[in-house]
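Two complexes come next, and they have one chain in common, chain A, joined by chain B in the first and chain C in the second.
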Partner chain A sequence: MTVTAPLVPQLPPPTRPHVRAIRLLRDEAWTGALVVLLAVLLIWQSTQVFRWGAFELDTLFVSTLPLVFLALAQTVVVIAGGIDLSVGAQMVLFNCVSGSLMLHAGLGTALLYAVVTIVLAMAAGVLTGWIVTVSGVPDIIVTLATSFVWVGVALWIMPEPAGGAPDSFRHIFIGSGTAFWPALLCIAVPLLLIWTPLRRSRMGLSIYALGSDPQAAFLAGVDARRARITAYAVAGLFTALAGLSTTAYTSGGQASLVVANTATLGAVAAVVLGGVALSGGVGGLLGPILAVWCLSLIPANLLTLGVDPSYGEVVRGVVIVLVVLGGSLLRRMGSRP
Partner chain B sequence: MTVVQSPEQAPEQPAGRRRVPAAMLALIGVLVALALANGLVDVSFFTLGQLRNTLLLAAPLALIAGAQTLCMLTGGIDLSVTMTATAVAYVVGSRAAAGDSTVTALLLGLVAALVIGFVNGLAIGLFGVNPLIMTLGMSAILTGVLTVGSQSFLGGATRMPQVVKTLGRGTFLGPLPWNLLLWALLAVGLVVLLRRTGLGRLIYAVGDNRRAARLAGVRVWQVETAVYVLAAVLGAFAGILIGGRSGAVDLQLASSLLLPSIAAAVIGGTSILGGVGGYGGTVLGALILTVLDTLLTRLSVGESLRELVQGGILLALAWAYVSSTRRATTRRRSG
Partner chain C sequence: MTQPPDLLEVREVAKSYGPVVALRSADLSVAPGEIHALLGANGAGKSTLVKILSGVLRPDSGTIAVAGTPVQFSNPVQAVRAGIAPVFQDPALVPHLSVADNFTLTGTDRAAVRPWLSRLALDVDLNERVNALPLAVLRMLDLARALAHDPQLLLLDEMTAALPSDYTENVFAVMREWRDRGRSVLFISHRLTEVQEICDRATVLRDGRAVDTHRTSEGGEARIVGAMLGERASRVGLPMAERRSIAVDGPARLQLEHLAAGRRLKDVSFAVARGEVLGVVSLEGQGEDDLFLTLAGDQAARSGRILVDGVPVKGRHPLQAIRRGITLVPSDRQHAVLPQRSIRENLALPLYSSIRSWGWISDRKERRAVQKAVDELEVDTRAADAAKQLSGGNQQKLTIGRWLVGGYDVMLCFDPTRGIDVGTKHQIYRLLRQQAAEGRSVLMFTSELREVPLVCDRVVVLHEGRIVAELPAADADEETLLHAMHNLPARELS
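Moving on, here comes the complex of A and B:
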């Protein structure tokens, strides 16, 4: 042992608390910036709206719930180095599935159907991941094709807006009255129960490794196929939650290609603003959640300024482009000696 | 590329060249089969009137798919091209309604397209913004501007000039609509550009290996800027054709063509990873999608089955394409 001792790299000295704090600040700078941005937007809104309070928060958290889940779904796939253009279509599909199943159901049955929906969604995710890994067709194309298929299936289940869900089930997602904490709880529970253990596990590491450098991951013995399929399955889980929360929020289902595409693009935007690199391997799930809230507050704040809220779309587009532009400029400056 | 090829790879090169026509033949086969199926359902498909209808529908899609092909050949994608088309149609329609002459209206529309393409190209080529995000952002910006604009500065009635209407749905000769003539001209231009010009070579070079192209002295950002400007101009022509066909303009004018345009390029054998493909295949892809759509309409198939079939065909053809060229692709990646 004494012979090999010099070869062992010296362990860094135990980190002191303030060093750890600085490191945390550096690693989570993006998330921190988003928290500040969200706070600024909220304070701004509160100064503009007459008697600002729980109602505004309720509107913010509940109406964005589907998009938050969708952004999470997209994030998991992007971290694994892919992209999923079918998340919106999956949301629409599982909105229709759950909406048609839950019509006239009691709470117990509704919960059972929710589980069925989630299982179906994960199966759809596994199928997508399997096609991507086996066919060798770029994931953009595969998910573009499956997005047509999912909307087709959704239209077959529900040719016209219909369906419904029991109020007791809806309150799990949207709360009753202006209670916004059920929505937050709905986001927190899957994050803590599924994502946190996964991220700390071997599989989570594989997903990050695959996204950051597929070749290095392969050489390090990562089973790329399994990691990618797992990423799509977790994404499927989140799209099911997006579909279920849509059912709860709108109290029914609607199969619409336009809704699906808008939602997909919104999810991509949130991922980008959330500090998740499109090249993969970087980012967490907290950033995109904050990004969804920030993006949804921008039009509301424009309205209070007397600007046409339709310009919110313009601001959104500019923000997203500037964020990516800044990121790529920073990277370029960083790579130069 | 040829310099670094190892000896055992070199003899396979001719085989690689022969494969492209084979794929084209397969696509033509699919197209003929679909046309025959159409004919079986309703013999009138083979009448000149129906042929004209098919071409009328195919032209704008093929132009937008051409824009998509150009971007995909450099390894990019343009999600804003349909919004560009809509914006141009809006500008032309509202300027014409405001009393500008047709030429002025068309020129203003073209200027709008040039600006959009230039901004896209500069951001992607010079500043290295991811094409997917840049064009997605541009699409959002255009949507916002048009939504507001349709109520204010572009507001009021939109009226397409007579020339544009003729171009969009008028007949040039026999069964041939005017828009076919425009499409044919632009298609020949695109094929020549990609096959015979220096810019065409550079587009393939950038898409094949961006880094190698840069090291070889290609000004990559100029190539990419040119590509996105060209894509916007093609989008502008498509917008004018669609606007002329329908005679009116709305915000959803061309958006339904976005995914089919990518699908047409992919079906035609253009790789989204860049460097592989061409406009000939895209034209076939656009025709296949149009004829398929006609067939599904004829069978009075529901919306749901229509989406299913479109998605299924896109996936199946892309899969078949990749597995037939997989050996070449894996070799290129590992090399």
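Moving on, here comes the complex of A and C:
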């Protein structure tokens, strides 16, 4: 297109470095606060534990790995303006699926089965998303119902705790010895390979747009149905990783409704604490990861202080309420144009 | 006729929402290289036609052709592909994404937007989040995005409504340039002076039909207003453009001093006397919602004061307004009625804080008060168990009757007769007059200008957040009000 000479002279480039810095500070304030909170909790723990080091970090990262993946699953759905109460149940299901498949398998076969598990989980996500978009039944009800179904299927596959996985496969997730970095790598790789490109693509932006303002998204040409189903499919992928890492961590599978429900609620807590607005459209994946670690360190730290673990839960609840309260106040002040 | 085919050809397009007919049979044709205005009073069907042309709504019947090819849009993307790029009244930008991400989302080439940004003199950081930018800038960005799609027809819905004048000048310059390139613009505006300034032709809609298409050079504003009014047009006195000093007999019950609120209400002062029904009329989006919500305590004033009987009203909660005797009958009765509850519970709602004795609600007092309201309003009590079973008119009676039961000094009625039958309308008019006769005050916004002489004592006209005219209701015929609503200069009609 040819455009005639502008009416006014070209203005200086608008993005000056300090503007960019201020914006980064404002947009990522929540994540920054979580980094500080995590650092405080870690330093506190290091003063409590004799010869604190790699072992403690390994415990933290490996034991929370399934919950981190679940939090990511929930985050994607919440960003799209929905909620998924079946993430815990899917984790349990794919824990049982992979655990029963991989028993006595070699590394190559185990990896193949891992891929099968991921494909199945994404199919489950597509199915959930399809039911939600087609039926018009609120997602909270659909996913509550599917959560019972998934745990039922898991019980059918594995009526009692059983299964297993080859050690070589387990080490991919939990590392051998006290190396904590394999667990971090397990989180980083899917984020870099799947989420980062998605976030920049039109499909990923559609997911954000759908949660932010469905009307504006419609006017912008977003296919709401496809965006929602994609969100549930990506969530399915992360629940598969949660199931696989549970198999690796526990070296087997267990179909338990209690485990499923506790995990689902833990994921919701991490999403909220991670700065993802339940109204949709706001937040990233880094916040919920940090939130999972913070939430797991709080009772651990209190335990080393000699506080009863049940009080630890109280403190955890209070922290969630305070952080979210403070955050929403900040956000209200910040978003005023 | 040897003319080339029109760029846009709309024939007999109709659209109904349930029983409500928004468009009866609209015809519109836009030639290549033309700036065409689409005009009409509130409810004439403008916004419905815009939504159909931009693919947001599907018409019930009728045909649309772009450059001679019939088209049917089932979503906005198809309209853009066919060469119609709209800029809506509310910017279609996703609030939590950056401007650049919004461009990516709509498949807009950033290289194509950039020349338009500089052409429109927009100094915006594209990495900024949309909800951190002011409304005027968002509308300009939306325009730049629409231009970047290089459409045959640019659809501008109230484009200039929220713009400062320098932006408006840039928009006009681009519109003219667009026309000079042989492209077309469909320009929807309430500002008739702008229409005269920039548009080549104008089509006027009334009651869902296109009633007049003419060159703007032939006829002027008077012809447009005449077409909006139809045969009801009568040539009587014109409004005074300058504000008269407000003279109210007796002490003011409700007084507003330089009230500013929300995005649109800029500076409003007036008083409502005891026993007076004061009408408020305006085009859409002139601050009327902000005025009523602020008076009702639902949002805080930016500046200025609200006084009841000379004492300022404080706070920003409806309860504080209600305690001072200001009650709201909202425009959408669905916001006020408790649909699952009975007529009695709906009417007695305001009582629950006052007729308790030791925590118990006095059944006898409640029954008496409710029965009185039911009689006064002639509510149809056959479906007494759930308000949702009542007709719209009877539901509206509940939202008004609630305050007859609860007691009030000033009732704010926002379009109280919208979408209800004629019989009920007249009952409501009678009721409001009767309330005034008993010494209460009513502030009534209405989009049906015919109501003003029937119900009101006086009427004020709101335009761009300010009062531009105030006149006795007896002088307020539709033509006078319509002129004042468009803030046209007072001059004789030819």
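Definition applied: the second predicted complex is superposed on the first by the 311 of 337 C-alpha atoms of A that agree within 3 Å, B and C clash if a C-alpha of one lies under 4 Å from a C-alpha of the other, contacts with A are read in each partner's own complex, and residues count from 1 in each chain.
Criterion: contacts are C-beta pairs under 8 Å (C-beta built on N, C-alpha and C of every residue); 3 or more make two chains touch, one makes a residue touch a chain.
Because the structure is predicted, anything quoted here is derived from the model rather than measured.
Shared-chain residue A:Val19: touches chain C; no touch with chain B. If you count the residues of chain A touched by chain B and by chain C, you find the higher number for B.
In the superposition on chain A, A:Ala220 contacts chain C only, with no contact to chain B. In the overlay built on the shared chain, the residue A:Ser328 is in contact with chain B alone; chain C does not reach it. Of the two partner chains, neither chain B nor chain C is touched by A:Gly306.
By the touch criterion stated above, A:Pro138 is placed in contact with chain B alone, chain C being left untouched. Contacts of A:Ser206 after superposition: chain C is touched, whereas chain B is not reached. Look at A:Val268: by the touch rule set out above, it reaches chain B but stays clear of chain C. Comparing which residues of chain A touch chain B with which touch chain C, the overlap is empty. Only residues 77, 123, 127-130, 132-134, 136-141, 143-145, 147-148, 151, 259, 262-263, 266, 271-273, 302-312, 314-315, 318-319, 322-323, 326, 329 of chain B touch chain A when the two sit together in their complex. Residues 56, 75-77, 80, 88, 91-97, 101-102, 104-107, 112, 115-116, 118-119, 121, 123-129, 131-135, 150, 170, 173, 177 of chain C are the ones touching chain A in the complex. Contact residues of chain A toward chain C in the complex are 1, 3-4, 6-8, 10-11, 14-15, 19-20, 23, 27, 200, 202, 205-206, 208-209, 211-213, 216-222, 281-282, 335, 337. Residues 83, 131, 135-138, 140-142, 144-149, 151-156, 159, 255, 257, 261, 265, 268-269, 272, 278, 308, 310-318, 320-321, 324-325, 328-329, 332 of chain A are the ones touching chain B in the complex.
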